[in-house]
Amino acid sequence: MIKFTSFGESHGVAVGGVIEGCPAGLAIDFQSIQEDLARRATGKASSESQRREPDEVEFLSGLLDGVTLGTPIAFMVRNTDARPEDYADLKDVFRPSHADFTYQAKYGIRDWRGGGRASARTMLPYVVAGAIAKQLLKQQGIEIHAEVKSIGGETDPAKISELLERCRAEDDTVGGIVHGSITGLPVGLGEPLDDKFQACLAKAMFTIPAVKGFEYGDGFAMASMRGSEANDLMSSQGAEQGGATWQSGKVEFLTNHSGGIQGGITNGEEVFFNVAFKPIPTLGRGNRHDVCALPRAVVIVEAMAALTSISFMP
Amino acid sequence: MIKFTSFGESHGVAVGGVIEGCPAGLAIDFQSIQEDLARRATGKASSESQRREPDEVEFLSGLLDGVTLGTPIAFMVRNTDARPEDYADLKDVFRPSHADFTYQAKYGIRDWRGGGRASARTMLPYVVAGAIAKQLLKQQGIEIHAEVKSIGGETDPAKISELLERCRAEDDTVGGIVHGSITGLPVGLGEPLDDKFQACLAKAMFTIPAVKGFEYGDGFAMASMRGSEANDLMSSQGAEQGGATWQSGKVEFLTNHSGGIQGGITNGEEVFFNVAFKPIPTLGRGNRHDVCALPRAVVIVEAMAALTSISFMP
Amino acid sequence: MIKFTSFGESHGVAVGGVIEGCPAGLAIDFQSIQEDLARRATGKASSESQRREPDEVEFLSGLLDGVTLGTPIAFMVRNTDARPEDYADLKDVFRPSHADFTYQAKYGIRDWRGGGRASARTMLPYVVAGAIAKQLLKQQGIEIHAEVKSIGGETDPAKISELLERCRAEDDTVGGIVHGSITGLPVGLGEPLDDKFQACLAKAMFTIPAVKGFEYGDGFAMASMRGSEANDLMSSQGAEQGGATWQSGKVEFLTNHSGGIQGGITNGEEVFFNVAFKPIPTLGRGNRHDVCALPRAVVIVEAMAALTSISFMP
Amino acid sequence: MIKFTSFGESHGVAVGGVIEGCPAGLAIDFQSIQEDLARRATGKASSESQRREPDEVEFLSGLLDGVTLGTPIAFMVRNTDARPEDYADLKDVFRPSHADFTYQAKYGIRDWRGGGRASARTMLPYVVAGAIAKQLLKQQGIEIHAEVKSIGGETDPAKISELLERCRAEDDTVGGIVHGSITGLPVGLGEPLDDKFQACLAKAMFTIPAVKGFEYGDGFAMASMRGSEANDLMSSQGAEQGGATWQSGKVEFLTNHSGGIQGGITNGEEVFFNVAFKPIPTLGRGNRHDVCALPRAVVIVEAMAALTSISFMP
């Protein structure tokens, strides 16, 4: 249903996007968009991030009095923090584990100012589109939620704070895992082979800079499991197979190792997944955001899950 | 460049596919296709799998005297092992952790014979297309290789054999991990955002039935790493950043935590990755293939990696 | 909704196609498919064309007991009339106004046997897919009809017969125009810009070999009209503009110069159009089908109109 | 190669677009873009249209110092002439032969201000993208040119002027035909079936508002021709077929009834075509642009031809 095209470099004129296929008649909740942008900018939940002056979205088309027309919705956020001179020393250098070398090799030219098209700021348009997608999904009872699961292998908040302090002191960075969840999805989303729900979800997550792994349901742990412990039984069991007889009406799942998807198609249970982020490769800049991408990545994971889900809605 | 459309149910007339965009003038190596089909059928390397009567591919179009015309290459393999009566008892049952329920819910009808479109046999056409893709890639110095990394958490061959025996005795199944590798890729494949190399590779892997996780480079382990240990330095180092000065000519990477991709674009190093498979959900059938999907999945992982790689070639 | 991929050369093993996205639960009317194939083979209406042994379709996937599963429907028709030796003298020759030269230049190789991929026989799979599309459309009250409008500028049947005889005697060929009509389309099909209904219809028609022109509604004649004679008034007229007040309920169109489409979107009136065919370029073969492509093209125009219409259905 | 996404309503904030896939390293010729925008705004050739204050394009991304980065190029033109109150009387009226009714029916809402997404102003972004495409094509020796062929059936400039005066006096409008030409195209562009060069060109032309017909080569006239007069012979003739022997080296075409395309693939000759426009449906507004769309449509036809051509370039 929804197709999204994004544009922009971190220190160019603006970042933005065009949403095609958004249904007509939706009264856009601009407040929720700005809240998600504040979460992206600060890494804090919307309740805590209000005070920061957020990135300001300008909508260019597709709306009449704040209501969607069904035509392409274009929007942009100007890059106000553009101090390219801060990056002048990077003009002739390939930073390790950045995209500097690959962009230069691919295009013969690159925007060396703050990462250009490879900057995490290019996720901003996805956050805007994702916020609109979440609004559409919510109308149909579908909720998207993500949160930090672990940082540097630690799951305890106290230990995470301590670890982040240590990294900051040592001018180092650290990776982590974001856990995501989609509830309320109808049964039947996804295609048997080339557009399995999980395949499109994985593709969306690997679009986020620094993502190195994705798993859904019990994920990698299932590689060590036996079938007898991994199978999801249904309440109305059949004979020796433990399967439900389908004439028996609504099926109830007793477990959800599968993560809400079977054969590429949603089964009505919660879709849950983990996304692994490598440490930010830029070291020694000494400001707090550079230490770990995770807090700010949470809302991006939500956006990607929302855009994937909405693309399957009939 | 290459676009692939597949078709077929496990117990229908045939499975097959159409390859569009294959360059003209390629003399198809039919032998290598049949070898890959034998690997899929037996789970054995091509040297050991020769004796089995393989699935036989019939090419329907796109070739003249075995040479590609540049037009769509259609092919099929007839389903000879079709004994639908073996599955008659499944007609009214949803097997646990199968796609029976989701197909029935999505379509209101399903091919209950042996899994239908959700059967692992639907991977056969990808193996054929992948074998052709591998042939094209090889001409450009690109090699694809996959192998079983672990089964049920075991990496030692002896212990794996033992574990498989135990599962067979207990009418149980077990999952595992396939490791894949792509070498010889040119620098510059992949798009900055919506078609990152790793995102398309992940999507392709999650198309394979039973796949629950994908990671590339150091993958999930990087979520516990520090930036100082995760970064890939280059031989011609710059100043405090440890980066290479780009005028210095060819860059040499000293490590490859990144897995050959930076910013979604290949950097010329080996692309390596792991694919996690859940245990086969069908229990208690007592034949050897049912115990673990991994050996037969290796050639499918290769095919998916080949189809992904070829899709980025200029 | 429906995506169609075709394959095949005229003297290869087979021609065929894969239909993706066909709804599940349709009981295929095989008889109507064979009738359309007979119309394509003989150029006669289904009532007259029964005696000829038709091309025989084999369905390879996507059906269970003749009912669609919602999965890809693959089919093929084997090329039985393959006498490539008839064409051996064409191996080293570019025939005028054929695709021989362009294929050779593009691919460096071509299937010289009877036109290969450029043969009109490649339309056969579209006729099969179109017959299925027509069946789906009919269920929703949409009818597709095409007919010969003129041949060599003549519209009178007697004069057309005379002209065809003369061409045959002179080993010459002649072009003509097919008129097409789609009735019963719901209001609202088509997109404002990049996928206007007429744009997709035009693209589909120009896929047919020998088509040189397409017009819809009053077409080229409108280039000589005044606005005052070309506008389509509505029954419930507004003020000085002659427009309908939209609160006034259902609009009734008094004329249909527009051809059932306004702003790229169907308005519920008949969509009608003309397709211009050049003369068959192969001269002097002396059999009747070579004289004029029009009678056999009628069912192809219907198929293309059906495939276009179904692609817009929600 | 190039993919274009446009956005905007005539009286919204802005119209614009995103160009994906433009090669890196192109120094944009901003002057030629503004000249084409002036042609669109005034209907005059660039030499005559300079004095008018043109629409001003703002580029938002994809450029560094005016040179393309290979990343998405986003741009917009703000709608300064937005006086929606002029259209307030149209809020509740469907104007005849406009898209008012179809938009309302499709979306349940419409931007009634000046045509919204159905306005001819939505072609502005295509003119910008087309100007960039023309620049890329010119580098490869490909030239695009369009001109008014006839208005209201008249081809003589004096009679056209007279006719336009008469229409203006009578508060009427009139249609016409634009002739287009593409020279310098390499041999081999276009696909055998689903993406024939002429099919994509036709689709692009029917995207332009008010277009009712498209023909290429000798077009509709070929429907009245004999094969013996329609065929394009080649200089190095073969036997009885009048075909060239392909080993004989470069083929020279003696005629070009085909319009530069055979079997959907360019043959290196000029591609030429006609596009039929219906009269503007808005009557009685009394300003000169309302009388006939043709002069302003010329540069739009060029843009569409350029975008189609560039999409086939390797």
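Each chain gets a letter, A, B, C and D, in the order it is written, and its residues are counted from 1.
Basically, a contact is a pair of C-beta atoms (placed from the backbone, for glycine too) under 8 Å apart; a residue touches a chain by one contact, two chains touch by 3 or more.
All figures in this text were calculated on a predicted structure; none of them were measured in a lab.
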{"item": "Rotation angle (°) superposing Cα atoms of subunit C on subunit D, nearest 5", "value": "180"}
{"item": "Farthest chain (mean CA position) relative to subunit A", "value": "C"}
{"item": "Gap in Å, rounded to a whole number, between the CA centres of subunit B and subunit A", "value": "25"}
{"item": "Chain centre separation (subunit A, subunit C; CA means) in Å", "value": "44"}
{"item": "Sequence positions of subunit A contacting 2 or more other chains", "value": "6, 71, 106, 117, 192"}
{"item": "Contacting residues of subunit D [partner subunit A, same complex]", "value": "5-9, 12-16, 18, 20, 24-25, 58-64, 67, 69-74, 76, 106-111, 116-117"}
{"item": "Residues on subunit D engaged by subunit C in the complex (per definition of touch)", "value": "6, 89-90, 92-106, 117-118, 122, 150, 152-153, 167, 170, 172-177, 187-188, 190, 192-194, 196, 198-200, 202-207, 209, 212-220, 222-228, 230-234, 238-247, 251, 257-259, 261-268, 276-284"}
